[in-house]
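The next part holds the structures, each set out as structure tokens.
In the two assemblies presented below, chain A is common to both, partnered first by chain B and then by chain C.
Right after this comes the complex of A and B.
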């Protein structure tokens, strides 16, 4: 172990350049591991966003579009589904349950979704998990609302608080329904799905706040909350609805019937298939990212090689002294190799630390922007393999300066011609 | 200033040590590289030769082809995630191989129904209303939902394609098995007796990558009774195993 101690002591004198080398390796390791972690976690979280739902139906558009706006609240519907069509399909023999949803409003950056209390019973995610209430209960009155876990936590709401819902996706005071506040009656448990970032209200609530918005802006008729209750608040249209069937084997027939529905152009998707399909389109990007990261790593390793080679000149006297006191040329090589090994291992450690730091910081942002929840997972076999490859590759590369040092140590002897 | 000359023995020892180190490092790198993530989907073995004479009928070909494929592992190599082997369907004789046509009870498949009425079609004038009435009668008799109760409780093995329903982490644990690819998107739907609901546990499930191609499923076939009085019964396989179908 004297060799290792010798290497470390020698490294102390060149710590600035070595620290920078460690950093460059750390960044490439973070990138490599990060791409792998984000890919796996993103996929896991994405695929478990919704389950136990046989079909999702919306106005005709692409399957991915329908999936994204109805489940992930990303993007917008092209058109609405009329209430009549919804009722006709809900009345089919093969349909066991339906849950209509209505999108379009927001509250301080969080999407507001109108739905029925059945949503809490039938929405499933992950491995047959259901929504649960942390406190309170589902909405009952027109102006009741239930908050997702993140909404309540980020905005500090509790049961009984009043919130104002805004029209459209950005909350401003001139586009808000400020004459009709909603009261929080329930807060959901954390689910790690986009539900956490949703404000849930009843369909009647959505109708009530839009009664005086018929022209797309707030018109002269200024109804307050109580006056609005006197109107018939059955919706005329909804954005989409979820369907559960009696018999899953009839899923394809039901899907075809809905796609061919004569009264209105509709699309029905199987959420499971569409999730997989969408993820597949991303997989090319994942592979590309991985290839890019490998190139970054190669750049980092070559940088390390350059650093060591360039400092070899300064170390000729040191090596000469070591040779004088009896070090064999092999030991000089091992010195270089050990120092590189140390640098790379430190780089990996710092890289992993950097990775977890970034995941902790950027995780909530990713959840907000993309609706996927990336936790802080342990490193798995593939990632361990990546790190071993990095260390092996760097050690291999270090044989080059090692060889140079070995040759020079043979030529130089005790006094060196600089 | 003198340069110290190394004795030949020292030089030899040093360079042999050096080359040994280099070889070791290269070996390590190669070993690591081989073990790392690689998906390789290539059919590498030649197609199996089928022992049939020229001029044989289609049925003879089919029988001979079935016989030669049964034991030969002529499929692709699929190595995922650090050398995990794909699951093979068992050669357990307790499981009978079932084709999609077998799911329709005898006498009720559309071919058989049409054959029953072929003679009558000959007698009817082309384009006449009687022909239309006969046509409607045939269509009404073809019940796409009729299932074969004899299959209840049987241990079977089937091949097909996957429409995933439920995921557990990255594994599909519940899916619909259908006869052809693309059944989940826009092409006309397979009828209820050509759709099998399959539930497997996580260890025997398929990853999302595996679920894109042909798969085999083994398990006990159950007939799920109709949940409503107007609904129909359907096929389901529970407690089974699944894996990538590898025979081309």
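Right after this comes the complex of A and C.
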């Protein structure tokens, strides 16, 4: 029999208290790794939500607010941008392209966004990636719609299905645009951005369903879908629009011009720098969480130390027997270090399993609630280092009970004080 | 004791005093026990019995005087050599036998292999010895792999004897092994102990407070109060 096997058998015999210790180590490892994974994944997903867009323009508001409602569909616009202002800016010489967006309606918990087919061409995310269709094609008619990957998956829609859009963000029978159904013409590939959870329709479609609505209340008009097409469906206002410039070097000038736009108070933001700035505000919280989880880990390790120290009392008899058959005091220390090592390695293994379990469970929720896509990445060097330091720290700590056992085994010898 | 045979256990003006105490816990002027002899150490609790056992097993060294086992002065060995010496030459049986509950019967007997650097040859010999010993103690092969928690008191006694004797020690130390037994079990246990030590020609040091057992031993020493030899 080896010393390791003896240590394992002895540990298994005292498993009740050790299992709890393993669990408390596991939870603190999960927490520590979790904070690290979430901050990295969050940052990766967050910063790759929009690219290739030089400016986002909306009604005057803080940059973060504009970014959150236009790109992440979190919160609401304080005000709209008039169609006239949009056309004026879109006609500027330095503007290469613009994509208007119009928000405010929803479909069974997913945001509906009115835009133009240009959106599919110009919206970029990640490392210069473009939207691609899993099936079907962009909307063409007023009552056509394109679905994000998660919308289609969660609600089980296919090409040709008809959907009803609700007025506002709460879906009730009372507020649905049920007289004007939309037909699914395309479903997008997964992008890991808020687009996955968006229902895309044309601006004209948004106008059409709102013809018989005034200030959030249905008016008596009650036009049906075909009758609505007789009207001019050019919007009077939009929520925001994305701008691409011919010359990126002139971005700041264009931004200043728009911010000083005379007809209407507007805000133009640089999505990349606003994202980064917003992330910096969040990172204080994230650092705080990391520090907290380090403290949780320390508490876990002290708990382990307490457990192992208290088992020394019930192990006096065992240690005396081992001494009698020739165990050196160093071997007794080794037994305790091995047991601790076993507990903490098990704690790490269980902790990592718990982490992946939680990420798999919480990932979709985080995507829906916060628009942040958290994948299941392999543990990276930092996280490896975290675990190595947990194991090293625990081993170092185990020298304390080891030393106590050493002193005792020298003093007690063969006598058993119970 | 024939004058020619060297004593197995030899104590010469031995005293032991815990640091900071004003009197000796153990003080023995002279003690010689030959090969295969049986010594009864009698003393009430607190009389220094346990300290004497730790001295004999080489866990503690005497404050003054010499202890020689098999002609080796324990004080001259390094601590780890003393641990090794104990593993090779001394078997110990505890009060209540103290088998390790998480090991099987056979593992309990061979557990010393965890602490010694042994060749595969040695390990196999240890296992063969253990099996032979257990079988000769009427513990059949099919019990060898069973957890010791399921054994009867009588069986546990025999496993404890096997563990103490498996390495073929010259000295067997038994610390109050009968204190938890009724009269029948006690007598049977003593018979077993005598039979096995005689067959291995092993010196027995038997510590007990029970005066009824004295008549069966060759030598008796009595520890009183402070541990002086009376």
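Simple rule for what comes next: the second predicted complex is superposed on the first by the 416 of 418 C-alpha atoms of A that agree within 3 Å, B and C clash if a C-alpha of one lies under 4 Å from a C-alpha of the other, contacts with A are read in each partner's own complex, and residues count from 1 in each chain.
As a working rule, a contact is a pair of C-beta atoms (placed from the backbone, for glycine too) under 8 Å apart; a residue touches a chain by one contact, two chains touch by 3 or more.
The structure presented is a predicted model; accordingly, all values stated were derived computationally and were not measured.
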Touching A:5 in the superposition: chain B (first), chain C (second), both, neither?
second
Based on the superposed arrangement, let me know which partner A:13 touches: chain B (first), chain C (second), both, or neither?
second
Just chain B (first), just chain C (second), both, or neither: which does A:320 touch?
second
Please work out whether A:311 is in contact with chain B alone, chain C alone, both, or neither, and reply first, second, both or neither.
neither
Quick one: classify A:183 as touching chain B (first), chain C (second), both or neither.
neither
Of the two partner chains, chain B (first) and chain C (second), which one does A:328 touch, if any: first, second, both, or neither?
both
In the overlaid three-chain picture, which partner chain does A:127 touch, first (chain B) or second (chain C), both, or neither?
first
Is the number of chain A residues in contact higher for chain B or for chain C?
B
Residue overlap on chain A between the chain B interface and the chain C interface 328-330, 410, 413-415
Touching residues of chain A toward chain B in the complex: what are they?
40, 43-44, 47-48, 51-52, 54, 63, 93-94, 96, 126-128, 246-253, 255-256, 259, 270, 272-273, 275-276, 279-280, 328-330, 333, 337, 381-382, 385-386, 388-389, 392-393, 395-396, 399, 402-403, 406, 410-415, 417
For chain C, which residues are in contact with chain A within the complex?
50-51, 53-54, 57, 59-60, 79-80, 83-84, 86-88, 92, 94-95, 98, 100-103, 107, 110-116, 163, 173, 175
Touching chain C in the complex: which residues of chain A?
1-3, 5-6, 9-10, 12-13, 317-318, 320-331, 410, 413-416
Going by the contact rule set out above, which residues of chain B touch chain A in the complex?
1-4, 6, 10-11, 13-14, 17-18, 21-22, 25-26, 28-29, 32-33, 35-37, 81-82, 145, 163-170, 172-173, 175-176, 178, 183-186, 188-192, 195-197, 208, 211-212, 224, 226-228, 230-232, 234-236
